[in-house]
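In the part that follows, the structures are each spelled out as structure tokens.
What follows is a pair of complexes built around chain A, which joins chain B in one and chain C in the other.
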Partner chain A sequence: MHTVNLSDVAVADRELAQTIAQRANVNLRDCYQCGKCAAGCPMADDMDLSPQQIMRALQMGLTEKALSATGPWLCAQCMVCSTRCPQNIDITKIMREVRRESHARGHRCIPESNAFETQFLKGVKADGRNNEQYLAAFYNLRSGHLAQDMLSAPKMLAKGMVGIGKHSVKDRDAVRKIYEKCLEKDGEQK
Partner chain B sequence: MTELKYSWFPGCSAGSTGIAYTQSAKYVADKIGLEMKEIDDWCCCGTSAARITDDDLMHALPARSLALSERQYPGLDIVAPCTGCYSALKGARHWARQSEENRRHVSELIDMDYAAEADVKSLLEIMVEPDVVDLTVSRLQKTLGGMKIACYYGCTQVRPAEVCNFDDVENPTSMERLLDACGAECVQWGFKTECCGASNHVVKPKAARKAVERIFRNAKACGAEAIVTSCPLCWLNLDMREQQINSEMGTDYHLPVYYFTELLAMAMGATPDEAGLGYHFEPAAQLAQDRIVADTKTEEVTR
Partner chain C sequence: MSRIGVFVCHCGTNIAATVDCEAVRDYAATLPNVVHAEDNKYTCSDPGQAKIKEAIEKYDLDRIVVAACSPAMHELTWRNLLSQTKINPYMLEVANLREQCSWVHTDYDEATAKAKELVRMAVAKVDRNVPLFTQQIPVNKRALVVGGGIAGMQAALDIADAGYQVTIVEREATIGGKMPKLDKTFPTMDCSACICTPKMSETGNHPNITVKTLSEVEKVDGYVGNFQVTIREHAKYVDYDKCTGCGLCSTKCPNKRIPNEWNELMDTRPAIYKPFEQAVPSKPVIDPEHCTMLTRGKCGLCAKVCPTGAINYEDVDKVTTETYGAVVLATGYDLIKWQDIYPEYGGGAYPDVIDGLHFERLVNASGPTEGHILRPSDGKEPKSVVIIKCVGSRDPNKGRAYCSRACCMYGAKHAHQYLDKVKDGRCYVFYMDVRTPGRRYDEFYMQAKNDGALYLRGRVSKIYKEGDHLVVLGNDTIMGENVQVDADMVVVETAMVPSAKSRETAMLFGVQCDEDGWITEAHPKLRPVETASRGIYLAGAAQGPKDIPDTVAQAGAAASKVIGMFSHDTLDSEPQISHVDVSKCSGCGQCVPICPYGALSLQQVTLRENSVKVTRQVCEVNSALCQGCGACTVACRPGALDLLGFTDEEIMREVDALCQW
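The block that comes next holds the complex of A and B.
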């Protein structure tokens, strides 16, 4: 069993944990560590810290530990944890808020995950719609996994499931403006 | 019976990886007189990328299409065939209805008034209504021939329960009722609402494959000969990854993965190509052709 002397935990770390919990509208004290969230999590096997352990880290004020973990970056947002929590804690939202804070502080615990979402939103900002073939191609370039899923590509091309043609909205400006209003407020880019 | 007329949000996969779903859904809609009016200039729902990134973006992107729909088709509820889109749209509506402040805020973001009145439904949700099930059965030329099916709902059709308000969050049974009424023999299994791994199949393939392998393993162990879904992302993650899992993990799964609309289309007389079965990675036409045959007993009675 790992022991933590709570007097040594920095006040700033404890406060940051509280801030993250507030953003998720969660009271950290509600969690009694039953573990149902981790038991049902489809990705827990591959996480360094499971949803249950992320909750514990925040309770203890070990915020940096939570922010540098891969767990929140691997979260598939399937919402099983929130659904099964006997205390009705929205753990999915906690995972999301931890990941956002981690991202804001420059962590890229799963760089591929960041590359994928960045590329996805870039496409939406430009075209108003997602073009899967371009998303896959640019993701491969961005993440360095150049040959990924290339074996499936010929079949998809042959069947006409994907092509070189893009689809987009007519009113591209409208979608771009929404994107800018949401993500580039106060001149600060997220 | 209420008029089967809806505003239609196709979603980004409708013409590409989800083309078999679109094609079969249109075939079935035509047979049962379901009218779907496509929202002009709909945009991407933002899906998990927007959700992960920012609350405003995850509400505003769907709200734009919902507001356009309310303008173009006043009084019509909106149907999204993809359950990922359904979740984003339904979530944005839910949030906008929580307070007038929320509704105004999202209206400002999209520079349009969004009333948040029209409801959002998934295609599965409207197809499992009891009177639509009856209507569907009345249009069948063939039955599903006792096909042993594992009905796979995935995440976003059922979660979060307070937003989706669909069936049962852990053990939904409405897809089973629809397909059983069409002559299938759906199996009891434990993975109907498990996650397929979503975009982790792209970003962390090894981790995500395990999630899908467990789904195939459970379906097979419970006696299923096919899996049926209503989500293009679930479909892609199961169908496209099945053979990859076999070669990467040493398994031997050969379960076709169908959209529920493909089987209904076949039973209504579509050819395998018309039903979209030519788009599959795991061969799917043979099993459908073997099982979906004219019910001789019914024919005799009619004669």
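The block that comes next holds the complex of A and C.
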């Protein structure tokens, strides 16, 4: 087993953990590691580090461990952990902030997850809203899972649930402005 | 012919679920001399008791059997009930159908059969019972408190405030115990000495309290209300009547290199010394092991400088015997000697591995470093500190199996104090569980975490030295990772163990200790401050690890028991005690050393035997001392000793009923 020397944890790593927590408006020391978040997490079975372990890694200053974990990339942002946390910690936000930091550092812990997100945002930017059929198609191309969900397509087309035509919002420019403002904010924060 | 009534209790379904109570009742009615038998859902309830009273009148009963729970539960209830009737309270037998039958068996038929046998035995015995009567014991209304720590002081003050005389016997040169050594008290963080020293001074100055320091109990005779206690007051070599406490002697003493116990040997003191500034009594003693005048007859400087001529090198121990009505044992605790059992933590070889009391002195403004946290080896400020909890506690292999109760809290306190004083310091706390039951305790622990203490769940497996720091190896079981900390100082929060001579003290007073040496209470829930010996009470950590609030509360409880006892001029003696048939007693004296309470003695008596007057030695039972244990009756070869309420005849009748009826 690899031994972690806590005295060797870089100040930078500890500070980065604090920064991530601050962005999520969370005090890491509030967490007493009861594990209720992990126990309720619908995605935890597929994660390498559960929400509780992500919190623990940040508490210990093992920030790189958290940033390279798949957990935050698999997080569905369903808020179950935050809702149930006895210490009222917004763990969902922590998962999001860890993932954003991870993304910013070029990690692509779950490439599909990144592909989906990128495509989703692209759609919103272009049309002011999401168009599922195009999201699915481009996601499949990006992720390389070409056949994923394709068997459902003929039925859905026949029933008129999806079509070739794109939908858009009334004021696409307004949504784009919002989008850009968000990016701007994001840049400021970092 | 006796007239016996049998009352079978269902105890709700506690008994009735496993025993056919109606069948037991019908069976009891067929037993010899039973004139009435009935069953009841709850015999101990008021209606249940009323039915017994009714039956006694209606059927003219002269003795009863209650077939219910253990006599430890309700025997007293039935006795009190009988005392309101024409029947003597000791004309009673309790057949234990619950603890010894329904609760331990599952088979309905077999349990019912056993219940019948238990009732049959009780009926057989009660048939031979005779009325017993209590005697009056005078109460000497003076209390002795053994141990002058916070428990002993609190108990003494409460008793003294009620108007009774109290003597405190303290082994050390000052009262106060461990509390004035501590820096702050959790969770309020008020200064420990600041709240303890006023109590010390109040105790020392109380008109009803006599403080005997450097003293030990040497011998205990007597019984409740009348304990004769011999106390040895070791020579102090200072006449306290003359000494003004000016301190000139300590200043001038040339031998100042003696390790100072008060500061956990981290600095030194002179040979004539006062343990600390606010000591009570505020007068010095001479350490006879280190004073050169006493060891080699050279020096005598303190006698020369003393303005009142209080120094007396010829002083000797004073031994006094006084009578006390009640005793409070408040012998306190020590910290386990972890050095002997944890070689993996360096076994004491590393000066920077210190225990909790060391840390208290280090962080205390009146300590050797004036409150600056400086590590013992080189006096540098430690930049990273590891606190290890459960050292010696919860470790049945190396230390003790129990939890020491206070360490989680003072561990959190130490983390908080360290992080408060060393702003750029890092603090790691290894724990097994965090136990913080108490008002504002968990909040305090969360605060310590918030101060920046990193709590790691796991035991430290090894500490070794590398360069000028200590390498601490442990595991964070939450992450499942082995972790290492390079620490400048390690604080081991060690187990509380009974104070050095508490077992001997307990033996002197004839009270019991458990396997760890803690003095045992009479009942863990319902008689928590009494011992099994009447008139001897318990306060504080003598009974088990406790924090200060619990100790003070318990001391108050013990005091209230003493005061309650002192509110009577006499006490009722226990009538179920040993009885000597002098005509059978051969005066062999076998019984005398067997009695754990010293209740038996040999006396010369004049008897008329075979029409001849003879004067010979026979055994005599002190009815106040005898606790009715029965040990002597087994040792008596001529069969002269019998335990009233459990006579040989009564017991044999029970055996006969079981085997022959």
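The working rule: the second predicted complex is superposed on the first by the 178 of 190 C-alpha atoms of A that agree within 3 Å, B and C clash if a C-alpha of one lies under 4 Å from a C-alpha of the other, contacts with A are read in each partner's own complex, and residues count from 1 in each chain.
Just so it is clear, a residue touches a chain if its C-beta (ideal position, glycine included) is under 8 Å from a C-beta of that chain, and two chains touch if they have at least 3 such contacts.
A quick note: this is a predicted structure, and the numbers were derived from the prediction, not measured.
Undergrad: Label the relationship between chain B and chain C on chain A in the superposed model as either fit or clash.
TA: By the criteria stated at the top, chain C and chain B fit after superposition, with no clash.
Undergrad: Using the superposition described at the top, determine whether chain B or chain C touches more residues of chain A.
TA: For chain A, the partner with the higher number of touched residues is B.
Undergrad: Of the partners chain B and chain C, which touch A:50 in the superposed model: first, second, both, neither?
TA: In the superposed model, A:50 contacts neither chain B nor chain C.
Undergrad: After superposition on the shared chain, which partner residues are touched by A:181: those of chain B (first), chain C (second), both, or neither?
TA: First partner only.
Undergrad: Which of the two partners, first being chain B and second being chain C, lies in contact with A:7: first, second, both, or neither?
TA: A:7 sits against chain C, while chain B stays out of touch.
Undergrad: Determine, under the contact definition given at the top, whether A:27 touches first (chain B), second (chain C), both, or neither.
TA: Touch status of A:27: second partner only.
Undergrad: Classify the contacts of A:128 with the two partner chains as first (chain B alone), second (chain C alone), both, or neither.
TA: In the superposed model, A:128 contacts chain B only, not chain C.
Undergrad: So, A:60: does it touch chain B (first), chain C (second), both, or neither?
TA: second
Undergrad: Please provide the least distance in Å between a C-alpha atom of chain B and a C-alpha atom of chain C in the combined superposition.
TA: Result, nearest C-alpha distance in the overlay: 23 Å.
Undergrad: Name, in rising order, each residue of chain A that touches chain C in their complex.
TA: 1-8, 27, 29-30, 32-33, 52-53, 56-57, 59-60, 62
Undergrad: Looking at the complex, which residues from chain A come into contact with chain B?
TA: Residue positions touching the partner: 42-43, 45-46, 74, 76-80, 82-83, 96, 99-100, 110, 112-113, 115-117, 120-121, 124, 128-133, 136, 139, 143, 148-149, 152, 155-156, 159-162, 167, 169-171, 174-175, 177-179, 181-183, 190.
Undergrad: Which part of chain C faces chain A closely enough to touch in the complex?
TA: Listed in rising order, the residues of chain C that touch chain A are 384, 426, 428, 446, 449-450, 452, 454, 457, 473, 476, 478-479, 481-487.
Undergrad: Tell me, which parts of chain B touch chain A in their complex?
TA: Of all residues in chain B, those touching chain A are 12-13, 15-17, 19, 41-44, 46-54, 56-57, 60-61, 64, 109-111, 155, 159-161, 169-170, 193-195, 197-200, 202-208, 210-211, 240, 278-279, 281.
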